[in-house]
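Report on the structure given below.
Just so it is clear, A, B, C and D label the chains in written order, and each chain counts residues from 1 on its own.
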Amino acid sequence: MNINNISAAYNTVRKHSESICEPLETEDYVPQPVPFVSPPKWHLAHSTWFFETFILKNFKPGYEVFDKDFSFLFNSYYNNVGERTLRTDRGNVTRPTTANVYAYRQHVDRCMNELLENLADTHALSMIQLGLHHEQQHQELLVTDIKYILGHNPLFPVYKAGHNLVNSENTESGFLAVHEGVYNIGFEGEGFCFDNELGRHKVYLHEFEISKSLVTNGEYIAFMEDGGYQNFNLWLDEGWSWVNEHAVEAPMYWHKINGEWHYYTLAGLQKVNPDAMLSHISFYEAAAFAQWKEMRLPSEAEWEIASDRLDWGQRWEWTNSSYLPYPGFTKAKGAVGEYNGKFMINQMVLRGASVATSPEHSRKTYRNFFHAHERWQYTGIRLAR
Amino acid sequence: MNINNISAAYNTVRKHSESICEPLETEDYVPQPVPFVSPPKWHLAHSTWFFETFILKNFKPGYEVFDKDFSFLFNSYYNNVGERTLRTDRGNVTRPTTANVYAYRQHVDRCMNELLENLADTHALSMIQLGLHHEQQHQELLVTDIKYILGHNPLFPVYKAGHNLVNSENTESGFLAVHEGVYNIGFEGEGFCFDNELGRHKVYLHEFEISKSLVTNGEYIAFMEDGGYQNFNLWLDEGWSWVNEHAVEAPMYWHKINGEWHYYTLAGLQKVNPDAMLSHISFYEAAAFAQWKEMRLPSEAEWEIASDRLDWGQRWEWTNSSYLPYPGFTKAKGAVGEYNGKFMINQMVLRGASVATSPEHSRKTYRNFFHAHERWQYTGIRLAR
Amino acid sequence: MNINNISAAYNTVRKHSESICEPLETEDYVPQPVPFVSPPKWHLAHSTWFFETFILKNFKPGYEVFDKDFSFLFNSYYNNVGERTLRTDRGNVTRPTTANVYAYRQHVDRCMNELLENLADTHALSMIQLGLHHEQQHQELLVTDIKYILGHNPLFPVYKAGHNLVNSENTESGFLAVHEGVYNIGFEGEGFCFDNELGRHKVYLHEFEISKSLVTNGEYIAFMEDGGYQNFNLWLDEGWSWVNEHAVEAPMYWHKINGEWHYYTLAGLQKVNPDAMLSHISFYEAAAFAQWKEMRLPSEAEWEIASDRLDWGQRWEWTNSSYLPYPGFTKAKGAVGEYNGKFMINQMVLRGASVATSPEHSRKTYRNFFHAHERWQYTGIRLAR
Amino acid sequence: MNINNISAAYNTVRKHSESICEPLETEDYVPQPVPFVSPPKWHLAHSTWFFETFILKNFKPGYEVFDKDFSFLFNSYYNNVGERTLRTDRGNVTRPTTANVYAYRQHVDRCMNELLENLADTHALSMIQLGLHHEQQHQELLVTDIKYILGHNPLFPVYKAGHNLVNSENTESGFLAVHEGVYNIGFEGEGFCFDNELGRHKVYLHEFEISKSLVTNGEYIAFMEDGGYQNFNLWLDEGWSWVNEHAVEAPMYWHKINGEWHYYTLAGLQKVNPDAMLSHISFYEAAAFAQWKEMRLPSEAEWEIASDRLDWGQRWEWTNSSYLPYPGFTKAKGAVGEYNGKFMINQMVLRGASVATSPEHSRKTYRNFFHAHERWQYTGIRLAR
């Protein structure tokens, strides 16, 4: 998005969140089936709360909050802003209703548009830009959380007919070779980036090759049929415990029906397409598959250096890099400083973007991160050696 | 209800369930905040499923089920009828929607009314009667579950203005004396009863006195102010663990605000009325209070023998009797046999009825039962000595 | 034991505890594999602590405690006496050593013998008697806890060759009939009893028959082979959850080896003797077996009335009575009052005595009690109808 | 240790394990208070099992195992070697006794000495070397596990008078500067190293400064007194949850007694020495302390490059590097390949060595690793900026 046209960007992004929710029934907005999945209603309200709290309250003189209880209800993890509701209780908060939440959005959008008419304060503009990128992150979560809610309903309801999302196939094959040497990684330039991409810095890479294609469902079925989930030699110790504790035997959303693998998609239950890119696997599964192939996952630096010559953007690709600060990283003071830095422990970096990533919300320096066991995102595997 | 006028009874009872839900928003129908609280939508569907499964499928020739998935979704604990959804997952099932559930009710009601026009089969009639009593039980749970959902929302939303439900006061005082001797307890007569009330049988009671009034909020506050929750000598060992593990320091729904006790009621947050009957306490709390008073709780037999001379019906009254079979009790064969018998372990009997009990759904032989720690029902204390 | 010869009784009982531990290695005295099993070292110390705390400190002028830390370490659940160590931590307390604990016993025994030389105080004498019965209760736990520790060692070590303990067979068969009427139960007479046996009182019993024999391993195998553990209709709801959660498929200590049932005994691993009385089953299993036989378990009152005409004493027999106070029961003030009353919730009564019960520690009014899932005691089944 | 004198090295190392246990009572060898702490008896047996399994069975013709059950009991995590006992059950295995375990050591030592008399097989020699380094790792765990067992006994028993271990003070102060550039890290040379140190490779380091001293108890008390444990801005999100869930308010083994900080040491409970190096803190605490100082922890590469000019070796120093494979890392085939690689997820690297590290068991390329919350090792903090 272009900061020069922030007003148009604001309205485009905000509308997109609502269009994602358009196929939902009112009931679908409510549940939080597991702590890491939030109710769609909450995503819509929380992304709005961000603009109210960090922009309208600070930059719009005389702004009156829509409802003072909302600060409390729709804060996510910003300890600096005030007491937050427990993350695990979001699914029980039936009021404010979905209609109230939409009213809240309208109220904030109206005030934001008034503010944007002649806003020049660069700090305000950069906070708005952050707010829009924040909302885009929640748009991806909206898609994956809706899939989780509907995909765990024993009736497997359809979100939108024809909207499968997991059908993309590779356009290239083979491996790309990269020479040894000192490279620069991290964000540079004028556009937006998150604080965790900053500190463009030098890294030393040894010679490597990286696959031009992502692993397909068919390749993964070969792993499964070769006893991949039963062979502890392929797994990290923690991954092996995870497989056994949860009796994992296939990617998330896969169901064997009459001897054939099916998966839940946003278009309903379908047969697995063997040529499509694999999705919904944990880091543990990615690492075990790589071990089975006698290859490995790329590091995030390797990925970034090779990315200009790769076709990426259908899956978040697990790297073998932990999510840690770049040299010189410092947390911003106050609530905004809680955005990224405090999560830099025990998570793995994913690079690229997925079919659920919002338009204009990807770049090669983007550092996404999840815990090694998480797989409700559209995650995939690219091998290196 | 009168079996001679089953058709009128059917429509009255069915309508009452819907009238309880009348003040709800669509979102309120969805959550299951804890496993023992079910979504209102589920109660409406499950009580309907009972009529479809046990009456329409068996007694209405050519009946076509409304939706075959519903048997699976809205079974509660009848293992004989088929696989059931896990009790803890009810809050995540957003589809069928609330509107679908109401359509299901209409479909079943229309078919039931057709069937009732000239139904003479006595087994069918008695199953319908059971279904209506079953629905009345769920009506009480609807009230208490709605209270739980709204009462755990940090905004304390009002269900219905003026509808406090916990304001009743005692009309009598003092103790009633009962002589030693052999008495008969258990159901007799022509009306309806549950299987667990049958086998009218003899019991030997020793002389006792039973209070004509229930414990009030004011009396309970005296217990609290005397350190009742801190004095382990008053508590059962398991109760003392419960108090400490959950940091219990007041009845459920009580909140101390600026030094004064308030409670959440269906009419919103209010100051505690010291003259009203205490409600929402566990068996552990009832037993500790009785110990503090140097009295005890009555047994269920004592309660039943005294009941004709007591004014009861505002609270479910904890007795010191475990829920066990009467002499000669036998489980019915098949699914209906799962109604009561299989719960006869580790639960305590409550007698009487509460402000949330449905009209015509109480009698002196009625055996209600809950676990010792449960307190989301309108439970109260009557002392004996 | 006879209070007139308290000194001999004291020394006999105390010696018996040590003789139970005679076959142990020092290491066997230490572990607490699960919270309900205590280290043998702890039993030896705790029963000694009882005499030091309640007798020597109160009745022996100038008595000096062996070690002041022991009051803290070897209290079990007497909240009145002072802070207690957490029950689940007993297995980590390596010091004091076993040798220290034996020295503690010697010190207390020497002082007790001095005291007993010319003790006339009747309160002291009755407390000593209580202490001896308390130690006898711990003797039975010593046997069952040692069995648990050794029986969960994958090497199945032998406690004492030839000392099988589970081999007893029935001497009688058929059913005994008892007439309807008012009966008296509860302790009477001059000997010792626990407070929970007091208040001899009237009960009304309906006509019943009770088996003269206990269920055998062979009969239970028939239940297992008939799919008893797979048929939910036979089980209490809570029992069915217990079976599934713990994947229970046989009594405790049973192992199927090469297609044949074996059990761990104190003499090592042996083939199951089909003619011996069944042992180590939970209340849930007892109730399911009775349901399968289309009979039931007796109530504790039925058992007590029939007991004079029964051959009992090899197994603790599960009754279908909850552990509740008799009419007129009152807790003693202070620590001794914590002995029994505070456990009167969610436990079932067992009657009789087992092969592990200490000599002279059984009588027909004795009320033993355990939770419905517990089965590490020598528990068995007697049917009624 | 020198491979040329492997026989002397073998006997020295093996004797050292036993000398660590010399002050123990038999009971101290048994418990496993938490899953990550193993019984001393188990360490002694497991390190012996390594020699029996990987050397004697493979290289000593006609070797007969001491006891075939031991393979099963004393395997730790080598899935390839056979079924292993569950890690959480080690504390319940009272047999084999401690005396048996010492006999096992003698048997294996005698056979190893016979084998070593004229052993030339280089694979065998290198496996023996691995076994000795493995035993040295367990020697450090023996010290920290013994401290855990005794330190969690409410009586705080003394392991060895005068043997405090946490009293070391810094000998230097100030910061050391390192220039930007390409450096080499990883093991090179002829001695022993673990597979995870291999792949000497290039890294690019930016300019940094690293402290010549470790953080002291006094400095850490200043952090505590400044509200360090109450200020969420200083903590990683996961660290903040850890602090709150476990109510952490000081390093492990610290106790406030009459207003003064004490700590449990192997010489018993003592007043905290403010000039001694801080010990027993988690990565979370290290990171929060660094944040409070407005500095950071070094990466493992920074540490290694600076290490020649640092005085290290009293504490394991937390780095801000995740434990991940070096470029070109490959797992060895079979059981030995399970040694390190499978743990490369969700652990942080520690560098240096501690007062509990065995002699000749440290080098600057050594990569120790623990989970971020673990603190029963002698862990400390060195700051960088």
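The criterion applied here is as follows: contacts are C-beta pairs under 8 Å (C-beta built on N, C-alpha and C of every residue); 3 or more make two chains touch, one makes a residue touch a chain.
Computed from a predicted structure; not experimentally measured.
Shared contacts of chain C and chain D, meaning chains that touch the two of them, come down to nothing at all.
Any chain bridging chain B and chain C, meaning touching each of them, is missing here; the list is empty. Centre-to-centre separation of chain B and chain D, using mean CA positions: 57 Å. Taking the mean of the C-alpha atoms as each chain's centre, chain A and chain D sit 37 Å apart. Centre to centre, using the average C-alpha position, chain A and chain B are separated by 45 Å.
Of all residues in chain A, none touches 2 or more other chains. Contacting chain pairs (ordered by label): A-B, A-D, B-C, C-D. Of all residues in chain C, those touching chain D in their complex are 25-31, 33, 41, 69, 72-73, 85, 89, 91-98, 149-150, 152-155, 157. Those residues of chain C whose C-beta lies close enough to touch chain B in the complex are 77, 79-80, 182, 201-204, 206, 232-233, 235-240, 283-284, 287, 296, 320-322, 324-325, 327-328, 337, 342-346, 372.
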